[in-house]
Structure formats: structure tokens, C-alpha cells
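Quick one: the structure is below, and I'll ask about it shortly.
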């Protein structure tokens, strides 16, 4: 399938319509397999069953970071090639990225309560995820402020790219900041080396999350394309309607 | 509605510390239109804003007879200025409906929109309107809410020829129903027997 | 009444459409609270100690800085002219606008406060106390801010000028808001005392704010 | 060059005439710093400990919140159309405007910092250190803020949205600004390390800010 | 200045997702004026902004022959839109001087102010100007900096009769010196042998 065909929104809609049931099926299956494997994983001798939060926490952390990269690539397409689907992809990705980031934060906080005795510490890694979350919210706010999609797309593209430049710097400076003032109360995140009995279910869950993300993203893109069509139709109708004027 | 009569006597206007005009007298009755003319900066807009209660009367007095005695002059007047009082993010219909409800109009917005030929754009955000379409939307306000006094500042600006004609039709209807019009203008507005008030001086 | 309802609906609609005026205020609040530890350092005990203060300062800034366009936008597009001319009393119009602003901006701040409390290491009770004081106190901020908004219309300036005019007036609200929160968290003063004063301040500023803002608008007319 | 000089002079003149754009920023800074003790309570040791942090946060907010109108005002009165049409490169025009903004807003903040240091119980050396880091860091805030200003032109919105978009990007500047101040005051890190990084961040944001802001303006064209 | 010629072919304009016009062709040479007319919302202002490089050309192309080959069309054009690009807190002279220097003009601001009859107001803050006086100040920009292409959007709006005449005099001088004019208008602008480009449709 030549990629040019995919660039056409109608082709995209037709193709994804056929793909969607399979994707949903694959996602459900992957989650079923993953959850069974998780159930089989041993409880931690210290943490007990709470360790199972990790199987949600870690994949969503990976996706939280991955989706910004995806958005950066897509917005590059918006700016450079003015690709018709690129800004749709970027726009659809932002709320999904924010949701996974929120999931990572929430599971982390829920996990932190039994582990550290508090929901939140200003550890470097936690903090940079929080900043990432704020930046997702900023991009979403920007998308929401403008009705004209192509204008919003270009503005959001610049913000996303500047953010992509900045995220490593933020991550690095937050690391610097925290190692400097490190209070004794913070428990280090890096636990003992991961045992295969945990690693395998983790990877399975990661695959399931990835499939979930792809499914959600394609569905959101379809939605966005349809929404834009409705909008265009409304505008055209507004223009064409026989008013008493003409 | 009783026969209304708007009168100003000995009016003085001071803006930004400078006297714009002084000792101005005028009177307009129901069914009459008064065209305020004069050079740029002569004080036409200032006079209209004075009637609308938006510029302080430095000296002299303004009175209305025959109107609703419970309400002030501004409350019985429509003011169509250079600004359109539109919110870009609301649709055309929402904008008009708000003003119609806020100013105490009765009917819905659609008939007024139709009267200015904007009914087909009712659902469009006002941000998308062209200069003339914005102006028409302002004019629709005059139709949506009945008020005896119309204060129009260069009402034909930005309107195309058909819209200008439609506006003068609306003005004639307003006059015929006993209303009065004070309009600042540099050109003809399509009213035959309007009186003229010429303000002197200024560049 | 219907005129006021129309105004209220318009204001809420504008706030929601324009990218969630309230959402933006809440986001700003969140960001300010998140930035503080970067500046102060990640010392949990210290953060918990000054947590209520940070939350109140953040809410204060978020409330006042979103008030900027409350009236200037209406001045610039000519809506204010028509509002001044209408027979709806100006005081009521100002109150309706300020109330809509509180609903769309102040209330979201209160709602996300418990969440931010977590970040600042406040326990659930303390967060609830701060949220309660904010609920009682943010209307005061909005209505005092309305005075500044009206003054900046008169002066044809916006932005920070408003904050500068109004921030000093909000000192009592800030003091009693933080005091009530701290009383609830650590004592020794009973919560009731400063909280009652806070509520009284709010009631007073509803009245004073409305009348002063309307008066400022009227005076601002040329 | 003469065109840029004219633009720079115009901007400075506007800032000075419009009730002191810079003055307002500095006043806002002053008020935020003065309000903090009200919220935190008059604990002198604590104030001195978090003094640099408060100063940096105040300066951050004062810089960003005055940037709001940097480009929107030009959009609204049509000046931006003419600036876009002219043969002066847009990047240079943006840089000239941002530089004028820093001169009229950032610099006054630096100047009054020693005064505010007194209020926060900082000794002279500490105040000087904070002032120096602000001098090095505020240009970064202005130029990063310019990106937000350009985006909010595109969006035809201003106010807090700008702050919300830009504040997360300023985290590194804030961290190294405060770190350099603290290094100078209490150690143990040598002052040079964070300060060099701060300067590097500033230089980088001069470039990135200028180009990103100009790109946003160009893209924002319909 | 070589004989300039501005040409657009197959131009399509899309605003806010709606097509305003498409396949539009026009050509204007030095010494010629093109009046763009049409109903409100037909796309007159959009066309002007397109020439000025302020609205994207969705399809088609725009070309200039005979101008300065080193500069783009917008860099050789004056655009007089609905907004005046004035800063209220600067004086009249300061406003004009800034634009004159920014746009690369040579002479001082005073002769241009005199040409529009604003010389007596030079030291006044622009905030104090009336609608027509603001417009005159914008027109002064065209005089202060020489550029071959003038894009005028309803140039006579708000001007009094004398000022309208003075403007048409300036336009004739500009044409005589080899310049060209594209003007959107709903009425006469006082040029005798101007060609007309009529845009169809829209309310």
C-alpha cells in the first residue's frame, strides 16, 4: 500500500474502518493475555500485591513520553509538508498522551502512598512527568482555543516542537535540581534488577497498552476528520443557503 | 407612542480638555430625521454620544418630551457607533439574541436577521464576518428592539448598495411609525426630507 | 431579570468558548503551584508548612489576572456603551458579570485545590480546609478585582495595572484566608474565628465591589 | 537598521507613556514580594531561606504577564499587518520588540531587587547575587515569553493563556536562576556552575525564542 | 521606475475553511486604477489582503513585472485597511514618523501631514482624533513613503468631502507618476477612467 494513498483522508477513513475491528480484537486479546500473565507473576516479598500496579504504571509512563515524540513528528509534517493528516494526527494524540500521563501519575501516586507514606514527593522523575503533563494541557488548551483547525494546527505545531526541544532540557535540569537538594525522605525508584517473572508480563502489558493507544488514536483521528467534515458542510451550507439577500 | 420630540439647547461639548462645540441648539420631532454634517473632527460623533449619555454635557441641556416619562433618553435610544458590540466567538444569532434580550426586545432574532439579509449566516461565528456583514448585524439590533430614537454614526459605512437601500427603507419605516433619527454622515443616506444640522470648524 | 440572565449566559458562554477562561485560570493555578517547589526546593516539610500560603497566593493571582478583560473587552468592542445606555442598573450588570466570572474561574480553582494539596504534601483534612476557605474567599477576590477591572477601563489600560491596583486591597482576604486554613490544620486559634471574618469580608466585598465598580464605570464616561 | 532603531524607540516610548509598562511590572513584582510574608507569616529565618525563590518567582510572573500585549496590541490596531509586509526581516522586528520589552520591564526588576531583598531579610551580598542572576536570566524569560506572545496573536487570545503555554518552558531557567543565587549565598556548589548554565540557557532562548516567535507569526497569517 | 504591472491569475481564496472566490484573474498596469466592487462578503478585502501577502493564496499565482526585482510584492505595496495602525498614546507626528522610518521613507513627517490637512494637530495624541482624522493620518503614510502599489480598502470611509477630494487628488498624482492602485469600494472614489473588477456572490 503506497503511503500516498493513506494521505488522503477518505482513503484513510475507508482503510481504518476495515482495520478497526481487528485492532479492537487484538487489543482485547493482548490485554487478556497480559492480565493472565500478570496474575501469574509473583508478589514482591516487600511490597506484596501492590507491585502489580507496576504493570499499568510503567507502560503508561512509556506511552506518555512516546506520544509527545509522535506529536513532534506529526507536527513536523504539518509545518514542512502541510500534510492533510499530520495535524489531525497531532491533535488526536494530545488528549491521549495527556490521559496516559495522568494514568502514570495516578498509578504512581497510588503506589507511592504505601511505599513512601505519601502520595507525592518532588523526586526528579516524578517532577518531569508532571511538567510533561502540564505541557500536554497547554497544547490541548491551545487546540481548544481556535475554531479554525488549520490555524490552530500551525500554532500547536510550533508549541509542540519547541516543547520537544525543551523536554530533554527540562528533564535534565530537574535531575540536576533534585540531586542537588535531595532530601533524605525520598526513596529511590530504581528497585532491584527486574526478574524475568516480572519482565515478561510487563512486556506483554506494554504490547497491550501500545495496541490500545493505536486503537484510540486511530479512532480519535477518524472522529476528528469527521468533525472537520461536518464543520465544512455547515459552513458551506451557511454560505449556500438561499437567504432573502441574494 | 405619543409624539416624541428631542431637543438640545445651548449644548457645549468638551473632549480631552478642548472645546469641540458650544451653544448648539437643535430639535427633532417624531417622524423627522436630522442629518448632522460637518468637517472631520467637527463633533458629529461627540454630539451623538452626548445624546446617548456617553459623553458628558459640559453646558446646556437636553430634553425629551412625549417619550416614556419613566425612562431616560439613553434608555429610549439606539446608538449605532463605529464599534459593532459583537463577540467574535459567538455566532451571528447568539450575538443578536443577546442584545435583543438585554435591551428588552420581544421577538426572536431571526426576523431581524432576515431584515438585513443575514439569515443565511445565522450559525456562523461573528469572527468570520466581513466589514459590511458586521455592520448589517449591528443594524439588525435596531430592528430587533423597538426604540423611538435612533442615533446613527455614519450608518452607511461599509454597506454595499443593496444594503444601503435596505437601511434607508428601515429608516423610512421607523420614521413612519413615529420614531426620530439623528444621523452623522458625510454623504446621502437615502432620506428625502431630512433636515441638516451643520457643525462648523475643525480640520 | 431576563436581561441579567441573558448577560450571565453570554458571559459563561464566552468564558467556555474562548478556550475555557476558567480552565486557563485553573491551569495557571496548577502551574504556579508546581513551579514553587522548583524555586524553594523539594523539602516536603517546608512545603507542607507553607502549602496553604502557596495555594492562596496562586488562587489570588489566578483570580485577578483573569479579570483583566472582564470589562476592557466590552469597552473595546463597544458593548459597554450599550450596557451603559440600557435600563438594567449598571450595578446589577456588573454583579452578573462578576458572578459569571467567579463561576467560570473561581469555582474551578476551588475544585482542583485538593489535588494540588497532594502535591504540596497536605493531608486530606488540610486540603479540605484550604478548599473551604478558598470557596468562601474567592468571591471576595473576584468582586474586589471588579473594581480594578472598572478602573482599568476608565484608564484605558489593562493587564497588570489591574493587579497592581487591586492586590493591596486583597491583603485582608489573604491574611484571613491563610489564617483560617492554618487554624484548621495546626491550631491553636479555632477555625471559626478567622473563617467568620473571612466570610464577613466576602459579603462586604460583594456589596462594595459591585457599587464601586459601577461607580468607576460611570465616572469613566467622558 | 534605522527601521529597527525606529521600532525600538517606539516600543520604549509606548512602554514609558502607557503608565510605565516597566513601572507596572516592577510594581507587580513589589506587591507579590510584599504579599508573601502576609501569606507565610513573619518568620524572618524562613523568609531569608526562601527569599531568592520568592524573588525569582515574582520576577518570572512579572515578566511573563507584561508580555501579554507585546504583539496582540499590534495585531488589534493593524500595525502587525504593516510589520509583516515590510522588508525588515520579521525575526529582527520580533527581537527588537522583545529587547525593548526587556529594557523597560526586565531591567527595572533587576534594579529594584536589592530593595526587595531588604524586605525579605536578605543580606547585601545575597541580594546582589539574586540581582545578578536575574540580570542574566530575565532576558531568557522575555524571549521564551515572546513565543507565547506570538502564539496568542495567532489564537487572537491573550492574558493567561500565554502564561500557561510558556511557564512550563521556563522551568530550567527558574531552576538554575535559584540554584545560582543559592550557590552564591550558602554554597556548597560553586556559583560558577549554575550561573554558566543559566547564561547558556539565556543565549539559547534568545535564538530559539526569536525564530519560533517569528515562525508562529508567519504561520498565524491566514 | 520601470512600468510596473501587477497580475493575478486563477486566484482562489479560502477563509475560515470556506472558499470565498476562485479562478479570479486580474491585471493592473502602472498608471491604472482597479476598483474592486461587489456585495458585502464577496471577498474584496480578502483580495487586497492577498496582494498584501496577509492572506494565503490557496491556488493560482500573483506576479509583479517591472518593479524592484529584489523585493516582494508586499514590500512594494502600501496597504490601507480598516485598522489604522495608530498608537493612541503617541502624538500624530510620532505615529507618522515611526511608520515613515520603519517603511524606509526619506523626508520628514510634516509635508505628508500637510498633504492631508493634519499639520495643525501634529502634537496631539492620536487618542484624541476623530474617525476621519484617524483615517487621514493613515493616508499620510501613503504620501510619506513612496511605493508603486497602493492597496486601498474603502479609502473614503469616514472622510469628509474635502478630504475625499484631496484623497482623489493624491491618487491621481500617484497614477500620473506611474503607480498603480487597487481599491475596494462601494461608491465612487473620484477617479475617472478606473477599471472595475466585480466580485460575484455573497450576501
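Going by the order they are written in, the chains are A, B, C, D and E; count residues from 1 in each one.
Everything that follows uses one rule, which is that a contact is a pair of C-beta atoms (placed from the backbone, for glycine too) under 8 Å apart; a residue touches a chain by one contact, two chains touch by 3 or more.
Here the structure is a predicted model, which is why all the values come from computation and not from measurement.
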Item checked: Cα superposition of subunit C on its sequence copy subunit D - rotation in ° rounded to nearest 5 -> 180
Notebook entry, point to check: Which chain lies the greatest distance away from subunit B when centres are computed from Cα atoms alone?
Noted result: A
Check: Which pair wins on C-beta contacts, A-E or D-E?
Finding: D-E
Check: So, what's the distance in Å between the C-alpha centres of subunit E and subunit C?
Finding: 46
Margin query: For subunit D versus subunit E, what separation do you get between their C-alpha means, in angstrom?
Written below: 37
Item checked: subunit C and subunit D, separation of their C-alpha mean positions in angstrom -> 24
Checklist line | Mean-CA-position distance for subunit D and subunit A (Å) | finding: 32
Checklist line | For subunit D, residues contacting two or more additional chains | finding: 18, 76, 155-157, 161, 164, 167-168, 171, 175, 222
Checklist line | Interface hub residues of subunit B, defined as touching at least two other chains | finding: 15, 82, 89, 117-118, 120-121, 127, 162
Margin query: Could you pull out the residues of subunit A that touch at least 2 other chains?
Written below: 131, 134, 137-138, 141-142, 145-147, 174, 177, 235, 239, 243, 245-246
Notebook entry, point to check: Okay, in this complex, where on subunit A does subunit E touch?
Noted result: 147-150, 231-232, 235-236, 239, 243, 245-246
Notebook entry, point to check: Quick one: in the complex, what on subunit D touches subunit E?
Noted result: 2-3, 5-7, 9-10, 13-14, 17-18, 76-79, 81-88, 221-222
Note to self: Looking at the complex, which residues from subunit C come into contact with subunit A?
What the structure shows: 18-20, 23-24, 27, 30-31, 34, 37-38, 41-44, 47, 118-119, 121
Next item on the list: Can you check the complex and tell me which residues of subunit E touch subunit B?
Entry: 15-16, 18, 38-41, 45, 82, 117-118, 120-121, 125, 127-133, 135-136, 154, 157-164, 186-187, 202-203
Check: Once bound in the complex, which stretches of subunit D touch subunit A?
Finding: 147, 151, 154-157, 161, 164-165, 167-169, 171-172, 175-176, 179, 189, 197, 201, 208, 212, 215-216, 219-220, 222
